[in-house]
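If you scroll down you'll find the structure; I have some questions about it.
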Amino acid sequence: MDFEVTYTEEQQRFRREVRAWLEANVAPSMLRTPTSAEDNYRRYLELRDLGRKLGAKGWLYPTAPAKYGGGGLDVDHAIILEEEVDRFDLSLPPYYDSGGRLGSASILVWGTEEQRQAFLPPIYRGEVRTWQLLTEPGAGSDLAGVRMTTAVRDGDGYVIRGQKIFVGSDNGTDRIWMIVNTDPKGKRHENLSWFMIDASLPGITMQPMELMGTGGEGGTDSGVKQTVFFDDVRVPAFALVGGENKGWTVATTHLELEHGGGGRIGRNRVWDRLLRYCQETKRDGVPLSQQQDVRDSLADIYIKTEVQRLFGLRNFYLTYARKPKSYEGPQLSYYRKTTGLWMTGAILEAVGPAALTTDPAWGAPSGFLETQQRNGIVSVHPGGTTDIQRVQMARRIGIGRSTREKAGTVHGAE
Amino acid sequence: MDLSLTESQEMLRTTARSFMQRETPVDVVVGLQKAESSLERDLWAKAARLGWLGIVLPAEYGGSGDSLSDAAVLYEELGRGPLPGPFFSSGVLGALTVLEAGTDEQRRRILPGVATGETVLTVAITEPNTSWGPGGITLAPQGRNGSFVLNGTKLFVSDATSATDLIVAVRTGDGPTDVSLLHVDAKARGVSTRRLPGFLSWQCEVSFDNVQVPATSLLGEAQRGWAALSRALERAIPILCAYIVGGCQAVYEKSVLYTQTRVQFGVPIGRFQRVQDHVVRLVNHLDSARWATWEALWKLDTGRPATASVHMAKAVASEAYLDVCNAAHEVHAGMGVLIEYGLPAHTQMSRTLFHYLGDPRWHKRRMADALEW
Amino acid sequence: MDFEVTYTEEQQRFRREVRAWLEANVAPSMLRTPTSAEDNYRRYLELRDLGRKLGAKGWLYPTAPAKYGGGGLDVDHAIILEEEVDRFDLSLPPYYDSGGRLGSASILVWGTEEQRQAFLPPIYRGEVRTWQLLTEPGAGSDLAGVRMTTAVRDGDGYVIRGQKIFVGSDNGTDRIWMIVNTDPKGKRHENLSWFMIDASLPGITMQPMELMGTGGEGGTDSGVKQTVFFDDVRVPAFALVGGENKGWTVATTHLELEHGGGGRIGRNRVWDRLLRYCQETKRDGVPLSQQQDVRDSLADIYIKTEVQRLFGLRNFYLTYARKPKSYEGPQLSYYRKTTGLWMTGAILEAVGPAALTTDPAWGAPSGFLETQQRNGIVSVHPGGTTDIQRVQMARRIGIGRSTREKAGTVHGAE
Amino acid sequence: MDLSLTESQEMLRTTARSFMQRETPVDVVVGLQKAESSLERDLWAKAARLGWLGIVLPAEYGGSGDSLSDAAVLYEELGRGPLPGPFFSSGVLGALTVLEAGTDEQRRRILPGVATGETVLTVAITEPNTSWGPGGITLAPQGRNGSFVLNGTKLFVSDATSATDLIVAVRTGDGPTDVSLLHVDAKARGVSTRRLPGFLSWQCEVSFDNVQVPATSLLGEAQRGWAALSRALERAIPILCAYIVGGCQAVYEKSVLYTQTRVQFGVPIGRFQRVQDHVVRLVNHLDSARWATWEALWKLDTGRPATASVHMAKAVASEAYLDVCNAAHEVHAGMGVLIEYGLPAHTQMSRTLFHYLGDPRWHKRRMADALEW
């Protein structure tokens, strides 16, 4: 076995190139905690700009096929990129782009050649941001139960109406990747379809939801998600991906990736900052990290983050070495979610109420522990609750149902 | 043996519950969350008229002379909100501290105002070291012209932004428990209070910048402060636990209702064993907290040695509320994190009270000491 | 509220009477760890003898109606008896008598007057020992699925055939309290019946099962349960309790009691001995109880045993004050079982491998910790697994099914 | 990056698995449980012929010179039984200790016999204080006529009743790590061994009553014993972890099969979410232990600093095996406690190995030290 990528001289050169480029193009201010709504928006625009620059180099979606505007890089180069971006506390993309990540992967597998050519380049180049729209008031864990948002064929297009909730973050989106019901009387799993549409179409309105936290992807802890309303929104037929009423098949790819099937390499950022905080914060003259109770808590937390890293590494390896997977995707997701929730208690016990405040004097730097206290809870739900992850695991292990369920396809045309 | 409430306790419960339903439905509780001060004038005045602010005080000091168990019945109802405001800080911990520490003159001067609600107390114990033991108290006043001068910070002080009077624990000697209690006007020059921002409920910073405190503000005798405070804490903590039990109960009821009404995969989600198991975990915590709390109250009210039971109750209740909220979030998934739904108010309160007056580890260790293992 | 029984002078006199009687009649040797199978049998006979003496005074089943040979005592006197017996590390009855405890309670509720008069006095007086026979190879958690053991009406009696497992303990039994299928083609819950029969009837044979532990009631940690075979055993029709095919109704009483509905007062014996062991055992010159890690574990263990005691007390109160109950019975059972299993790990961590050995030099006295290590695991299953207890809790809380399920009746004719 | 086994490792796994299936089915493993000695002559001889007893030894000492990862593949298969016997005690920990501590002469004298199986080693470290640190070693030999005289007890020594040779850690100075290793003939006058009875697997008491040990029996140099033992432990522990992973894997497979075939309430019990959740918990532990173990092995085999990883692997694996067995018992209910079913052999082994070579708390603290927090 080999738990590390062995880099060639050429790859090390690439690393140096990436690092130099990032140092030149990532301003430290991009990582600031916004001081106001306007500042938040300005910061967002800076990150989008960075995304476009990364996209132009093929580094925004490094392993995506070059012919559609992706980087076309092999996995080793992609790892180098992820590692280097990680050094700046950023992810790829450096802003919330859920529909871009998951929609593009789905389109790669299930879209027509024309759709790939039309939809993928703007995503891969960072020209558009895309949000995914799945949940409805009546369909959360039960995604197959989507019913409130419908698309009805009308001439050369479709008319969408309905409502989606828990969408995106703040500062709006360019594109929408959504699942709707296209046959209200149809059988379960045979009545859904996916659309990739413009967010600016007439009839689409958004209204922010105020939440305890967002638990979102790297950096976007705006505390806001949107309710999106569709009032007879006309979309072209071309926007339908994977075929009418074939949406559940497409969803298997989408969900496999969302459920952790793709794996992940890289360290746990909360851990790094937590350790540093405990080393730098003294109580009664002694660093927290030198107090036995705190040390014991830190050891438990560290081990869980390490196991999570190892699960992510394994899934990453299985994905890119194209090895068969079964329960590993939802296992990573389940482990990550339950660990995050458990960590809220472990950190609170270790650090005390300082973990709860964003106060610059008495809380942890940039309130990162307070964010963890919220997001450790909130993250348990998006992309499938812990309960749903266990449903998936059990099916793939081959218990609970008469036939063993397979992992969704995550490799597309290349 | 009788594990039911008395008739008068049942009446108090009914009164309090209908008051809460009328005056503080979820939207009111949620609306209060962002206020700098937890005290809502109108509510406070009504509570005073109901006699709730002096519930632990003897009649001679303007209170109703109820038992701790009676007070606990009330606080269980307040906890259901969870109703913010310095009810506990002033009407229980503050009142009991003055009762235990003050001279009779001081009690007569301070306590009637607490019962009427004009005086709002809070007790400032912890400092940046966040320790709840006497060793954690390092704020030492300097003497000047027979009065005290305070410079320093008290941290995570509950409801300080709504207090009129602060009871401040200060270090006045080198012995481990050489602590005294000062009665400080919250509006005195040099005193500033602010609510700490974040995922916690009205835990405040109190800063003292050359604050002059007259010698007469010393509650009772010097160096006896820790002993008095310990007695007050022993009686106050189970009432805080009852507040927590009320919180757990409300979250339990919310969760059961949700499992019965939320339909996914064509059935109420309560049909799924995983969802049931979140509720089972929740109710086990709830009942653990409830019975540990009530046994401690019973011991206190009947004059039995109660120290170990009180420590156990706080440890159990703190852990319970935290994980009850976790379980409820698992039941509710996305719906539970909507601020307007009301669950986040409990979640935030559960995190706050996890540490307030001592976290589970602290209380478990004090329990072991009290049991003389 | 009042968490204690307040005793009258008369009751205190009763306590002194009981204590004096027990001191005169309980030989310390009865509590010995048997040195051989023969010694185990001798000890059993001594305990049976003690049972008969207790029975003659009405103290074996103190609250059972006097007219059937029980003590007819009120609950306060019963508590005094239990407390005093507990001081001798004994329970009532002082030997494994599951069928006596649960069968008699069921017969009191569901038996005819003639059956009460015939079956109850020998049990209450300690003249017979009774085992319960429920589990079959194909019906464990699913008690309603009993199918292998059948009783067929034949003239003035029934003929029983089949097989039961996980029965009793060692040294045999006098009576058998069993559930069988009396209508193999009948509907679920409408095809079972209960019988109270002689264990000496022709056609009944027993074969010991070797187990990791028994997890049994007070004192009988023989490590043995029986497989019981029934080869055309003829029993009189009088042995049928509660009516043919009415067995599920009778079972609700049986199971409510078995699942903790009756409650319990009294301390946790493992805890008392564990604390004493940790106070008396020094490592590197320091008592275990003075070492912070051990102390922390002890605090956690103590709290769980206290909560268990409080749940037991509450159920006891609800039962004897005849207050309505819902989930409290299975909650106590669930809590007791999960706590016992959790304690195996907590004790192992606190005490180290000394917890695992029965060695007189290096283990805990009489190997009581080793017994806990086994029985904490084994006890999770008898009388309904933790999973089944949660099924019951959920139903009674009113989730999971359209109608809320009620607790079984536990009060009989008096 | 490559997280798969090499071809030769796959072959070793196949060989070992078919050997185990043929030679040590469940009834054989269960049958061995009550024996005073864990060593079964016939099995031992066959294992020796397969080269398993010298798998970690260089060729010059009669071994096969395989990597630790190779050895781990073998031990994962042995752990599936769980196959008892001093395979690990002699062939891994004993062999590595002699390799690390001994002079070249001593290695040449002792190790070839280990590889052939004639010599059966065990390393006696812990004492009644049950500590795995150097401070726990208090057994101090007296010098007499240039030889050592041993009086005292070593406790929880694995497989001592089947050992021909003991490596005994003794205290030979007052410094914290002033420990030396003695090579003692298990049949020497005054040495007695007995298996401790109870819910544990071949953990033995070794008593020394005026045992004369010649000076030449000192392995390597005096006072250097702890350093050598630490190096040996660091390499041996991940192989023990692999044995544990094999145990977890076997219990997992048993449990999955049972949920698929056991029918209750008319369906296979795997349909019930609660049963699934026991399996989920189980497989999460299994995979945690597996990957923590394999990363530590990889670090050792590639010469990377591995101390923290080794400590983590043992902590994770110890906790995993314990709770994997708990989860399996919940899946199996009554069936799982039948001795003949084979699960209790794992349960007992999981309890034994929880503490053996250091319990989770011990290793977590050493991990924190190694990470220099």
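So that you can tell them apart, the chains are marked A, B, C and D in the order they are listed, and the count of residues begins at 1 in each.
The rule is simple: a contact is a pair of C-beta atoms (placed from the backbone, for glycine too) under 8 Å apart; a residue touches a chain by one contact, two chains touch by 3 or more.
For clarity, every value in this text was computed on a predicted model and none was experimentally measured.
**Student:** Farthest from chain A in C-alpha centre terms, which chain would that be?
**Tutor:** C
**Student:** Compute the distance, rounded to whole Å, between the mean C-alpha positions of chain C and chain D.
**Tutor:** Using C-alpha averages as centres, the distance is 40 Å.
**Student:** Could you work out how far the Cα centre of chain A sits from that of chain D, in whole Å?
**Tutor:** Averaging C-alpha atoms per chain gives centres 42 Å apart.
**Student:** Going through chain A residue by residue, note those that touch at least 2 other chains and give them in order.
**Tutor:** Within chain A, the residues that touch at least two other chains are 390.
**Student:** If you look at chain D, which of its residues touch at least two other chains?
**Tutor:** Each of 272-275, 277, 361 in chain D touches at least two other chains.
**Student:** If every chain is a node and every touching pair an edge, decide which shape results: line, ring, star, complete or other.
**Tutor:** other
**Student:** Could you please specify the touching residues of chain C with respect to chain D in the complex?
**Tutor:** Spelled out, the residues of chain C in touch with chain D are 135, 138-142, 145, 165-166, 209-213, 283-284, 293, 341, 344-345, 348-349, 352-354, 356-359, 361-363, 367, 370, 373-374, 377-378, 380-382, 385-387, 390.
**Student:** Which positions of chain D touch chain A when the two form their complex?
**Tutor:** 1-5, 69, 256, 259-260, 268, 270-271, 273, 275-277, 279-280, 283-284, 287-288, 291-292, 294-295, 297-299, 302, 312, 315-316, 361, 364-365, 367-368, 371, 373
**Student:** Which chain D residues qualify as touching chain C in the complex?
**Tutor:** Within the complex, chain D touches chain C at residues 128-131, 135-136, 155-156, 196-200, 203, 205, 263-266, 269, 272, 274-275, 322-323, 325-326, 329-330, 333-335, 337-340, 344, 347-348, 351-352, 354-356, 359-361.
**Student:** Can you list the residues on chain A that touch chain D in the complex?
**Tutor:** 1-6, 275, 278-279, 289, 295-296, 298-300, 302-303, 306-307, 310-311, 313-314, 317-318, 321, 323, 327, 331, 334-335, 390-391, 393-394, 397-401
**Student:** Give every residue of chain B touching chain D within the complex, in rising order.
**Tutor:** Its residues touching chain D are 272-274, 277.
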